Amino acid sequence: MLTNQEVAEHIAEKFDGSVADFEQPYGLLTLTTTRETIIPLLAYLKDHPVYQISFLTDITGIHYPESTGKEFAVVYHIHSLVNNFRTRVKVFLGKDDLHIPTATDLYASANWMERETFDFFGILFDGHPNLTRILNIEEMDYHPMRKEYPLEDATRQDKIDALFGR
Amino acid sequence: MQLTNRSKQVSNKTMTFSESLFLPAIAKGLAITLKHFFSKKVTIQYPEVKRYLGPVFRGRHILKRDEQGRERCTACGLCAVACPAEAISMIAEERTKGEEHLYREEKYAAVYEINMLRCIFCGLCEEACPKQAIYLRHDEFVPVFTERDQVIWGKDLLVEDMNNRYKREAWTKEEARQLDQLKASGKVTTVETRAIP
Amino acid sequence: MELTELIIKSVVILVVFGLTLVIAMYSTWAERKVAAFIQDRPGPNRAGWGGLLQPLSDAGKMFFKEDFIPAQANKWLFIAGPGIAMITALMTSAVIPFGNTFIYGGKEVAMQGVETNIGVLYVFGIVALGVYGIMIGGWASNNKFSLLGAIRAASQNISYEVAMGLSIIAILMMSGSLSLREIVNQQHGGNWNIFYQPLGFIIFLVCAFAECNRTPFDLPECETELVGGYHTEYGSMKLGFYLFAEYINIFVSSAFMSTLYFGGYNYPGMDWVYAQLTGALGATTGHNIASLIGMGVLFIKALAFIFFFMWVRWTLPRFRYDQLMDLGWKKLIPLALVNILITGAGILLLKPWLTALLD
Amino acid sequence: MSEIDLISDKGQVARINQPELVEELTTLNLGPTHPATHGIFQNILQMDGEKIISGEQTIGYIHRAFEKIAERRPFYQITTLTDRMNYCSSPINNFGWHMTVEKLLGIEVPKRAQYIRVIMMELARISDHLICNGILGVDSGAFSGFLYLMEKREEIYEVYEEICGARLTTNMGRIGGMERDLTSTAIRKIKALLETLPAVLREFENLFNRNRIFMDRTINVGPITAERALSYGFTGPNLRAAGVDYDVRVMNPYSSYEDFEFDIPVGQSGDTYDRFMVRGEEMWQSLRIIEQALNNLPEGPYFADAPEYYLPPKKDVYTKMEALIYHFKIVMGEIDAPVGEVYHAVEGGNGELGFYLISDGGRAPYRLHFRRPSFIYYQAYPEMCKGVTISDAIMIMSSLNVIAGELDA
Amino acid sequence: MKPVKMAEAPAGHSGAGFFATSFDQVIGLARSYSLWPLPFATSCCGIEFMATMGAHYDISRFGSERPSFSPRQADLLLVMGTIAKKMGPVLKQVYIQMAEPRWVVAVGACASSGGIFDTYSVLQGIDRIIPVDVYVPGCPPRPEQILEGLMQVQHMAQNESLRRRNSEEYQELMASYNIQ
């Protein structure tokens, strides 16, 4: 069994300076890295002979409009099936420069996950083979999951918003 | 790749000679369907025969009155907050003198509307109600609509009719559980339905 | 031709025609009922008692549905398609001997639309034409699904006709005649061809399924793959014609199979029944009633086959296109050839021996 | 498109760069309303006759913005969303979500509630696989077997109905346990199901498993190697069909799954037949689990002792002030959720169903992301149907069991 | 099982008017027992439609068990499930392709009004793009309710004049949805 401690120390040693913020919320090793390191890190963990963290569970984005310079985060959940070990890697991006390299060369499943993240948040994955909207209509001109956009359909008429302050 | 010691190979793709002849399996299949051809039909002939929908089925809404015929709703708005579909809206009003026989609490819903097409019948309003006012009937559906303007039901359709009261075996889940345990132990066989929560 | 003969002939043709239509019509009802019963449900039961008015209801609806021709379609061929399908389907029933003869006014009238000595060939010729209805309709729709359906139908029917024809050759070798009535008469009593030609019958049965485009060979329409196949673009009565043609085809192939392999209107003990009836009711009436019973027997056989068609349809999964071709060309045709060889050997070697033994 | 890959029968790839040949290809638009797409998605296929040369999918036709809605709804209302995600097995989604919240809030659910959840989740898994395998039968042309299974699924729905009052969108769990306890009628119905379901499953297996027509249609159709499957993020029955015995229930047991004995069925080469067989066997294993859970069903409460999260008994609400205050607080969604982030995964009908929840202490999640297995593995579809005929493509599609609600979220 | 009453001649009526109206009734009856549905199933309600087709509820009793996935052959468009804005044009296209007479049933909350999905991506009720004849509430409606919806359409079909589809109101209705 791998321990969070062991893996975290190894990563910190290997990628000295470009990984930070090691935490374990609810037992899941979480770390933050930069966009330059993310792909080498994923590749390293994937090919590591012992860790074999070679299953990409999920990629998603988060929007933090309040924190200046780090408005967007891309979160990777990776999993080592052999060791039954999960890790969460975060990359924070500023809202003016939403570029991050794609992970499609490492994982075929990253393709749609990245497209979804682009669709929802507008994060640009450099080198992605087909970075277009996936769930929303092509004509949509904004990225709906960002906090500033409303959820509701503006055309709904059968609701009285005033009643309960919604 | 083997991760656990609990795996079990289930797929066998080599056909035996008799399987490769098509006909035995076809005959077997035909025998099965023929058996069903003559078996009893399970269909419920709906408009004539109606199925019992269970004791807690979530059907159409009803606004209960109490035993004196006063409306129970106090327009606290919890049901509207709990509604994920935002289908409930209401306007509260203070009860004035002389209306005590109409409304149970000091505040009441002057307007209480449910958009029956928005409603998803999740039962959260019934759960949220602290005054035993709103319930989802277990014996009736919301009927189908043909016009868009029929779908918002006001108090005229929602409030209980005192001449034809809605009866239930148990009015809270704790009560229902107790009742079920009694029934299971055989102490109680038949339960009277009653109109008062 | 005398006038009475002409009238009688017309009546017979009309009766055959009407019977075919009614049976095909109620086949749609039966299909729904059989499907329902197989699936543990009662099926249509609201339109008329037991849903008996269901076919009328469908017809009424289809006649009054908007007749629609897609803008990109070839108009004439689009209309011609269902017409051809329907005409060819109806024409096949002409040569099938539905019963023995009727004696009317001292004349013997065969219960058969047309008595020809090339009945088998006629059926094959017309059936081969039937696929044009599907092909033309599918092509004219200008829809890719329809086109795929049409192509599938064409190649499927052509492939399976070969095996079908080969499987029948064995019968023809035995009977030495192409006349259906002759073939039937040779199976007098319980002397049915199925006992001599079990393999040939199975091949023929499989091919009949394929020719009627029924599951497991319903690739041309194939709802889950091609939406509706060749009739995707058809609505109203044009669609009705296609569906109807399919049921007529089923009826005709059922009757044809009963005729070729199950003795047609023959049944064991028919001579005894005939003797009883003529003895009790006189030669004419007795003969007529015996013929009617024979006709009933044929219909029972045919209906049993129709049931079988439906039963199989609601049981089996369908083939894939290449597997279907594989089955047709690589399995059924060699089998049919082997069957011919066996039959030939039987006729050459076994028959003299058997006759010698019996004598 | 000027270059196309042609795969010959021997697996050789020839790259062809001939414009005149490319023009011969047909573009076939499979969906979004094609009968075999069941849910709604579109495949644009380049076809050479019946053979598929390449395919491209368009999804999002029922995109409903679950994740955005979740940011505006209190925790307890999100069950109405998860119900509608994988609607074939909504209890699994539901309890998965509740377990995520319970993990965040640190609530320990009593054993009885955990066992009831296991029973419900396994019933849901059965109903999910019943539909998937039945639909595979329908798509191969045999309709009756599907309806035999649907008859039994109706009985599973009766159990749901008994416990929560709805058939499909059950909404039967609550943060901290179950809404209602298992009633004696429900237990009787589950027991009856345990007795009658095996016969129906066996009958269905007799109809299909060793029928050569069906075997020919499914064996070696759309195989995917374990390596490719993992790269495409396959989980659940589709991955197990490729021979990897990954099951969240065993690897990261939740809700007392460690108490039960069951096998993980695996296939050989990840083709359609393997997927069909793995799902078929999983139903048997689910029955085993249900039987064990029902026999060892512990006594005790069916909800956790967490008054600030689980609604108080109605009687107390009517009479006691404290209960009324809690009632109001919970319904208004003003629970004190800690700040933090949780990832919790359950074995959904289609594979690892993950919930990534970020809470900022508010009444609604700050961000809730669903790891939807259908969404992730459906991207492998073009690769799996390259070079096969349209009939096979449809079999592959329905054997993958793509649920549109889960796909598009 | 009760037999259908085939329109009997009311006493005291005769002449062309009688034939025209009773003919309307007969065809109306025929249509009502042969409503072939196009199951436009996108999500949960589609699963309940499967149950409606299944043995327990058996939609075939009403003569509607033949699903026509080709819009040309369908009489009844059953819209079951959420219709997203991306799907809207497709739905409208399917409706336009259907041949007259055609009826539309919006099954379930999502199709009728958007249900809980009051979001940027979901169409708030299909009656914004196509005319709807019957709304079936529920999320998803029980099979019984789907059958109720079907019986309502049958009722409409029986009472509809053959010429209604040529009438001015109908043309106006179509024009209001921009359907030719």
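To keep things simple, chains are lettered A, B, C, D and E as they appear, and every chain counts its residues starting from 1.
Convention: contacts are C-beta pairs under 8 Å (C-beta built on N, C-alpha and C of every residue); 3 or more make two chains touch, one makes a residue touch a chain.
Treat the numbers as computed from the prediction; the structure is a model and nothing was measured.
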item: Touching groups left behind when subunit C is ignored (all other chains fixed); value: one piece
item: Chains touching both subunit A and subunit C, listed by label; value: B, D, E
item: Highest C-beta pair count, chain pair; value: B-D
item: Whole-Å gap separating subunit A and subunit E, where each centre is the average of the chain's CA atoms; value: 45
item: Geometric centre distance via CA averages, subunit D-subunit A, whole Å; value: 24
item: Mean-CA-position distance for subunit D and subunit C (Å); value: 46
item: In subunit D, residues with contacts to at least two other chains; value: 34-35, 60, 63, 65, 68-69, 80-81, 144, 147-148, 151, 169, 207, 211, 213, 230, 244, 246, 251, 408
item: Residues of subunit A whose C-beta touches two or more other chains; value: 81, 84, 135-137, 144, 151, 158-159
item: Interface hub residues of subunit C, defined as touching at least two other chains; value: 35, 38-42, 223, 227, 314-316
item: Interchain contacts, given as pairs of chains that touch; value: A-B, A-D, A-E, B-C, B-D, B-E, C-D, C-E, D-E
item: For the subunit C and subunit B complex, residues of the former touching the latter; value: 34, 37-42, 311-312, 314-316
item: Residue numbers on subunit B that touch subunit A, as the complex places them; value: 1, 3, 77, 80-81, 86, 89-91, 115, 118, 152
item: Subunit B-touching residues of subunit E, taken from the complex the two chains share; value: 1, 55-58, 61, 109, 112-116, 118, 125, 127, 133-139, 141-145, 147-149, 151-152, 156
item: Residues of subunit A touching subunit D in the complex; value: 25-26, 28, 30, 54-58, 60, 62-63, 75, 77, 81, 84, 86, 88, 107-109, 111-113, 116, 120, 133-137, 144-145, 151
item: Subunit D - residues contacting subunit E, complex; value: 32-35, 38-40, 60-65, 68-69, 80-81, 84, 87-88, 131, 147, 150-151, 153-154, 157, 167-169, 404-405, 408
